[in-house]
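These are the structures, in structure tokens.
First subunit A sits with subunit B, and in the next complex the same chain sits with subunit C.
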Partner chain A sequence: MTEVRVYRRPIPTWWWVRKRTYFVFVMRELSSLFVGWLVVYLLMFLWAVGRGEDAYADFLDGADSPWVVALNVVALLFLALHVVTWFNLTPQAMDVRMGSRRVPAAAVIASQYAALVVVSAFVFWLVTR
Partner chain B sequence: MTRRRIEPLVWLMFSGGGVVAAVLLPVLAVLFALALPLGWVSRPDHGHLVAVLGNPLTQLVLTGVFVLLLVHSAHRFRYTLYDGLQVKLKRTTAALCYGAAALGAVAAVVIVWSIG
Partner chain C sequence: MADSIRLEVTRYRPDSDSEPQLQEYDVPLRQELTVLDGLNHVKNEVDSTLSFRWSCRMGICGSCGMNVDGEPRLTCATFLSDYAPGPVRVEPLANFPVVRDLVVDLYDFMEKLPRVKPWIIRDDDLSVDDGEYLQTPEELDAYKQFSMCINCMLCYAACPVYGLDPDFVGPAAIALAERYDLDSRDRGARERLDVLIEHEGVWGCTFVGECTRVCPKHVDPAGAIQRYKVKAAKESVKAFLLPRGAR
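Up next is the complex of A and B:
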């Protein structure tokens, strides 16, 4: 079989920095890296809790250091970008219906924020009660 | 052919992980990465945390949560490298991303079920 060779115009690595929408798109996708970091952080925390009271206290004291706090603040900013973009995209990915009528996009988005508030309040109560 | 069969599952887990990352991860991150270390709220008693985290229901939920988040993260980062940062080493990046997620999943199971 003869191989068909197609010319592909090379795309520069930094194609996404010039336009705002492209930039936000790549930042949104990069949130994945920070979701990964937060999982690692939470697992380290759980590991410390499992090892005992002293390890738990030491971990929280260590997480107070400026570098860890800075990294976690950046991670939370990326996570916030994920939350907003994810909620906004849901009505486009899902056709929610009640009876035969389509639920308006604004209602789908609002209900997700409501879920976020309820889940957050429950976890906060469970941990701090 | 196996790739074809597994791909819908990976996308499904990506979506599930995306929902978990949007609805549950923020409160966990704010609480355990900022509020407790910086003393915004008083630290819960160690015994209380062990009781909550050692409950099999919590452990079951956390196992699912961590696995979904890891697949979500790996899958999305794989495509960020490919489309965003123009890293065209398809097989290598896929192996590294999913490999890291698999390692994380094993660690998550071991850690979550060792408490209590």
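Up next is the complex of A and C:
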């Protein structure tokens, strides 16, 4: 076989800004960091509550600072992106069947939002009762 | 509608060029003309040195995949009028080495495909005289979607994971593994899982989903890969929890 001199095209560093779908994918991946941050923040909050009233007041003071508010607003937006994108992808990853019929994608997505509402309502009841 | 449209075509002549360049051609623009028709017009009337692959002109053979305006497409199913007034950029499929002009080297896929054993594997060894393996319409439906793959490689060109890590087995090969796993006549799921449970197998995929979006046959390779991940995860948990005999 003759040796063929092929050309390998380099992948640019900014490949993910060139197409909308790639950009949304990278933002979805990035959203995991903010989800992680919100988990850490929640744990810090619980820890402060556990240490008594002064620690709780300190935590609330810290939470009031513009930087933390800004960070948490951005984190909340990424959390929403995370929820919407992953909920939308679930029917593709899970082949849910009732008997021999495949459950329609819309029903799988809707059931996730329903579960989210139920869990949120439970947490809300738990915190405010 | 104007009566011509400009194509910006990648040229690469390995004997004289150090890297690909763009060459412009004006081709006739009519409602029914495809990008492939445009390239054939160039080849027949303007510049016979232009190289590209094609065969059936009807979306069956999977030979004419190219990047059209940055999007992997079958050029026989991509109409020039959708890109009017132009210009239309025609490049070789992304993520593959370029052999010449619009022709890419598919050797990597040819080497990967047999690794997932895309054929029916049986425990028994029946002869033709023993008769055929029967299948119900429901059993056919279980895998039919994944059997529509024409190996056109658009999914590999769309997949950034494959571009960044060429060791990744890739969308079409995994979708074909799923096609045989779901076939009621097949007993080879275990053998395929051994290959795909590796990092370069299903776990390389980060669910970008572009493979499914560009697939001209609606195979949904991304869906196949995620379902394989569920299978692989279940097997790993079983291997961890159950004694050897019960797996």
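We adopt the following convention: the second predicted complex is superposed on the first by the 119 of 129 C-alpha atoms of A that agree within 3 Å, B and C clash if a C-alpha of one lies under 4 Å from a C-alpha of the other, contacts with A are read in each partner's own complex, and residues count from 1 in each chain.
By definition in this document, a residue touches a chain if its C-beta (ideal position, glycine included) is under 8 Å from a C-beta of that chain, and two chains touch if they have at least 3 such contacts.
Quick caveat, the model's predicted, so the values are computed rather than measured.
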Which superposed partner A:16 touches (first subunit B, second subunit C, both, neither): both
Contacts of A:107 with subunit B and subunit C, given as first, second, both or neither: neither
Touching partner for A:77 - first (subunit B), second (subunit C), both, neither: neither
Contacts of A:29 with subunit B and subunit C, given as first, second, both or neither: both
Partner chain(s) touched by A:95 [first = subunit B, second = subunit C, both, neither]: second
Touched partner set for A:7, first subunit B, second subunit C, both or neither: second
Footprint overlap on subunit A, where subunit B in one structure and subunit C in the other make contact: 11, 15-16, 25, 29
Touching residues (chain side subunit B, partner subunit A) in the complex: 17-19, 21-34, 36-38, 41-44, 46, 48-50, 52-53, 62, 66, 69-70, 72-77, 79-80, 83-86, 100, 104, 107-108, 111-112, 114-115
Contact footprint of subunit B on subunit A as seen in their complex: 11-13, 15-16, 25-26, 29-33, 35-36, 38-43, 45-47, 49-50, 52-53, 56-57, 60-61, 63-64, 68-69, 72-73, 75-76, 79-80, 82-83, 86-87, 112, 115-116, 119-120, 123-124, 126-129
Footprint of subunit A on subunit C - complex, ascending: 12, 14-15, 19-20, 70, 94, 97-99, 105, 138, 160, 163-164, 206-210, 212-213, 220, 222-223, 226-227, 229-230
Interface residues, subunit A side, partner subunit C - complex: 4-9, 11, 15-16, 18-19, 21-22, 25, 29, 89, 92-95, 100
